[in-house]
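Okay, so chain A shows up in both of these, paired with chain B first and chain C after.
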Partner chain A sequence: MCNKRTLFFLGFFFIFSGMSLLGADTNTSSPKINITPELKKEFPLKAHHDKLSLSCTDCHEGQGDDPKDFKLIGDKGCLSCHKTKQFLADRLKFMDTTHTNPHNSIHDGPKLYCDECHNEHKPSDNMCLQCHSNDVKSWMRPTP
Partner chain B sequence: MIKKIFLIIKNNILLTLLVGILVGLICSWVMYEGLHRTSNDRFCIVCHEMRPMVAAYHTDVHGGNGKTGIKVDCVTCHLPHDNIFAYIATKARNGVMEGAIHFFGNPDAIDWQANRANRQHFVRDEACYGCHTNYKTNEAISVKGREMHEHYVSLKGTDKEIGCASCHVEIGHNGLRSMLNYYNPEYKFYKGKLDKQKEAVEKKLTEDMK
Partner chain C sequence: MSKETMSRRDALKFGVVGAGAAMLTAANAMAAAPTEKEVKFDEEYDVIVIGTGFAGLAAAAKAAERGYKVLILEKMGRVGGNSVINGGGMAVPNSTWQKKYGIQDSGELFIADCLKAGLGINHVELLETIVKRAQDALDFSIKCGAKWQDVKPAWFGGHSVPRSLVTDNMSGSGVIKPMHEFVEKLPGCKIMTRVKMDDFVMSNDGTTVVGVTARINYRFDPKLLSDDVENKTGDKKVYKAKKGIVLASGGFSMDKVFRKIQDPRLVEDMDATNHDGATAGALLKAFQIGALPVHIDWIQQGPWASPDERGFGVAPLLTQQGLFKFGVAVDVKNGKRFMNEMADRKTRADAEYVILRKDPKSFPVAIGTYNTFEEQIYPIIEKGLTGGVMKKFDTLDAFAANYKIPADALKATVKKYNEDVKNGVEDEFKKQTLKGDSLKELKGGDPIDMKGPFYGIRLVPKPHHTMGGLHINTKAQVISGNTNKPIPGLFAAGEVTGGTHGASRLGTVAVTDCLVFGLIAGENI
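For the complex of A and B:
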């Protein structure tokens, strides 16, 4: 009798602990995506992000596990690591002296959308060039 | 002669012990004072070419520019702390090297801006989490921040290992890139246009170092 009861409780214990493990698995972080050389070629990373071994879902959070379905992460996504636009503007403070700080320009201040100039999976496109095509080269390096 | 000394020691064990302790204490004190007095910005700046770095450090929380004024010394972040012998050896080697470059080399030719890419090798991670003990769990850090700290831990010991300074680019030296530019602009366009800023930085630094 006693043995049967012990077995019964043990059974219960194992089933519940198994269930809690399953539950824990479904709750933890975004899906891991296997980054193949082909995937890397299709969606190349900028050198400074590549160096940190970031994975797709570090930026594309909560967007599933198929890179083809991923959407732009917007300013909020970028700033979740890069703090604030003011912070980024302050880091180029020396350029304020000549009003050439791209993060704090005389036209827009520290208010532009990040992807106005910066792209991750294709070459960036410095918006200043649209008007200051000759000068920008001497003001700053190619947009990372 | 040696026998005689042994005999004296044998006959005066207590005295020998006391003298031994005293000599030991004096040596420790000299070592402590020596290490302590040669560890802050005032001392390091004598030989190291680092006026812009120190100026940037003074505008950072780590350099005393926080609410509480707490300040960490140069060596706290830049020397190894896992082993006292490695600490002293690195300190001595750096001292000799930097002194030699300062007096006999050509420090003006050093490209500090480019050197910033190696920042993770100049900063000791164990020093960071020696103070920031709860960087993995601290809820004052954003969710993303904690996720990234987890990422950092997961890369530890692999060939992709990164350092604290890999992401925290100007940590300890707030505005370092601008300071370096005031002294030696990275683009020709700014040459001669940032002299006023440099002058202001120099003035403040000289005052701070008094």
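For the complex of A and C:
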């Protein structure tokens, strides 16, 4: 009985794996993408993400296997690992005392889009600099 | 035949051809606003507000409070436009604050101040509306959760008396953040960011505004010369507004193309105090459906900005509520004063331009001492110093050496300035803070404390507020040039409107203007 059940599940597992392999061919689930040096040069990762050996589809989930078709992942994509904007604001709570917490600023609170400042495949762009060009260097390090 | 008649005739001919072409391509969105039958509405609301600044959110909050289903569209990723980066000052004539702190004021005095700065071309009925409703607008902001500092109102340039309240966090965000939350909590209301309004949708007879076409997932691109024209991002949507549209899309101080057409001195790479999205796109769409323009080429430049930082920065606060009231501004070439540091913005910016035109790099310098700062501004002093936009020197000699001012001339200027106040001699520039009750704040001391240390900020005018815009009536209805009557379904409030401030707006009246007419639009729609 037990064996039968195990076999059943094993079979199910194989079928499922097979389906996901098939899926790779038909662009419906997360495929493995061969990250060539050229690809890495065109779409470089930030050091902290590179260290984790993230692959394209860890972020570009369900977007097929052609990097050219990938779309922005939006706040939801970022927050699937980075939890919530409030969590990020709280993590920098020590900066609140000087009103310099970029994730909970006097102007916007914890409400800005992540990609207002943070980019993955190109240099990030600190929004605070638009008005506080002189102050930012004493507030924080370059935007990761 | 005179040249003028020739060109007028040519213009007429061109006009006829133009109208013919427009008729031929009526269906082309490039040529005219689409009509109801040419679109399919994706969603339906009672009221649609374009813009999330003071005016837009006040209109939305009021309309939502009345039970309307309100959609608010914001093209930027960030809510609040210029309102969220402004200094948070609001002039309220005859306010409860003034009564509490014993300041005598009147509506007539406020209007006289505005007319003086506005060179008399202000639309007085709009100023009268501000006088009547400013306290209401202030109360409404408090109802929405805004907090204002409970201190004596601040005294801004061009005002005869202190009448400006400042938010608790010294930013317009002190109003925008609670108002944003207030609106979002009301049932049926929604704020969508990164959504760009493209066109008005007109009724089939072309008379009434019934909706807008827009693009969701829009990404503003500050690198483009004209984002309004060149940016093609986003996915098209059409929204219906059963009661109407409130256009609160702000001014165009950052519109590199349109501002230069109006004032060729404003070259493309010139910095402004505004956020990147302050462009003329929505304003021009209103013109296309017949809205009347007023005072478009009066672009106000802030005389209190500094070349030593980007954008608005901290200099405007440190000069207006610090160095200007009892300190002085001097021409670095001769160490002499050159303006009433408390005059209206246009007078001061023009005075600075006289110096800068001779030598674009010889920025004038404002000078003051610790006692010249108002108490609201104390927390910012350190910020100015660490950022480097303000500098501190123990002696006037060191001050003069740093800014390359002839030291003897600078010392003579300060000495005479202090002595005149002590001797009751009227200031050569008739500065209003150097007479009467105001001097009591000095407690018998010198305006500039000779013990030092001395604080300095270099000055440059920056485009700040576009006076001109849509012609509205006192109900915030937009007036049509085709009928001289309101365009049904179209209201406007805030910097996108014109006429209120005439040639030049007094400091801290923008917040009042935006909140008052936003509130009125929300009441009347």
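To be clear about the criterion, the second predicted complex is superposed on the first by the 115 of 144 C-alpha atoms of A that agree within 3 Å, B and C clash if a C-alpha of one lies under 4 Å from a C-alpha of the other, contacts with A are read in each partner's own complex, and residues count from 1 in each chain.
As a working rule, a contact is a pair of C-beta atoms (placed from the backbone, for glycine too) under 8 Å apart; a residue touches a chain by one contact, two chains touch by 3 or more.
Values in this document were obtained by computation on a predicted structure and should not be read as measured data.
**Student:** For the combined arrangement obtained by superposing on chain A, do chain B and chain C clash, or do they fit?
**Tutor:** Chain B and chain C fit side by side in the superposed model.
**Student:** Identify the partner contact of A:H107: answer first if only chain B is touched, second if only chain C is, both if each is, neither if none is.
**Tutor:** After superposition on chain A, A:H107 lies in contact with chain C alone.
**Student:** Is A:S53 in contact with chain B, with chain C, with both, or with neither (first, second, both, neither)?
**Tutor:** first
**Student:** Considering only touches as defined above, state whether A:H132 meets chain B (first), chain C (second), both or neither.
**Tutor:** Only chain C is touched by A:H132; chain B is not.
**Student:** Output check: A:E116 vs chain B and chain C. Expected answer is one of first, second, both, neither. What do you get?
**Tutor:** Touch status of A:E116: second partner only.
**Student:** Applying the document's definition of touch, where does A:N34 land relative to chain B and chain C: first, second, both, or neither?
**Tutor:** A:N34 contacts neither chain B nor chain C.
**Student:** Aligned on chain A, what is the least Cα gap between chain B and chain C? Give it in whole Å.
**Tutor:** Value for chain B versus chain C, nearest C-alpha atoms: 8 Å.
**Student:** Please write out, lowest number first, the residues of chain A touched by both chain B and chain C across the two complexes.
**Tutor:** In the superposed arrangement, which is not itself an observed complex, chain A uses residues 138 for both chain B and chain C.
**Student:** For chain A, which residues are in contact with chain B within the complex?
**Tutor:** 29, 51-54, 58, 80-81, 90-95, 97-98, 100, 138-141
**Student:** Okay, in this complex, where on chain A does chain C touch?
**Tutor:** Interface residues on the chain A side: 99, 106-109, 111-113, 115-116, 127, 129-135, 138.
**Student:** If we count contacts the way the header does, which residues on chain B are in touch with chain A in the complex?
**Tutor:** 142, 144, 147-148, 151, 155, 160, 162, 166-167, 170, 175, 177-178, 181-182, 185, 187-190, 193-194, 196-197
**Student:** For the complex, give me every residue of chain C touching chain A.
**Tutor:** For this pair, the touching residues of chain C are 77-80, 84-85, 169, 171, 173, 177, 193-194, 275-276, 308-314, 383, 386-389.
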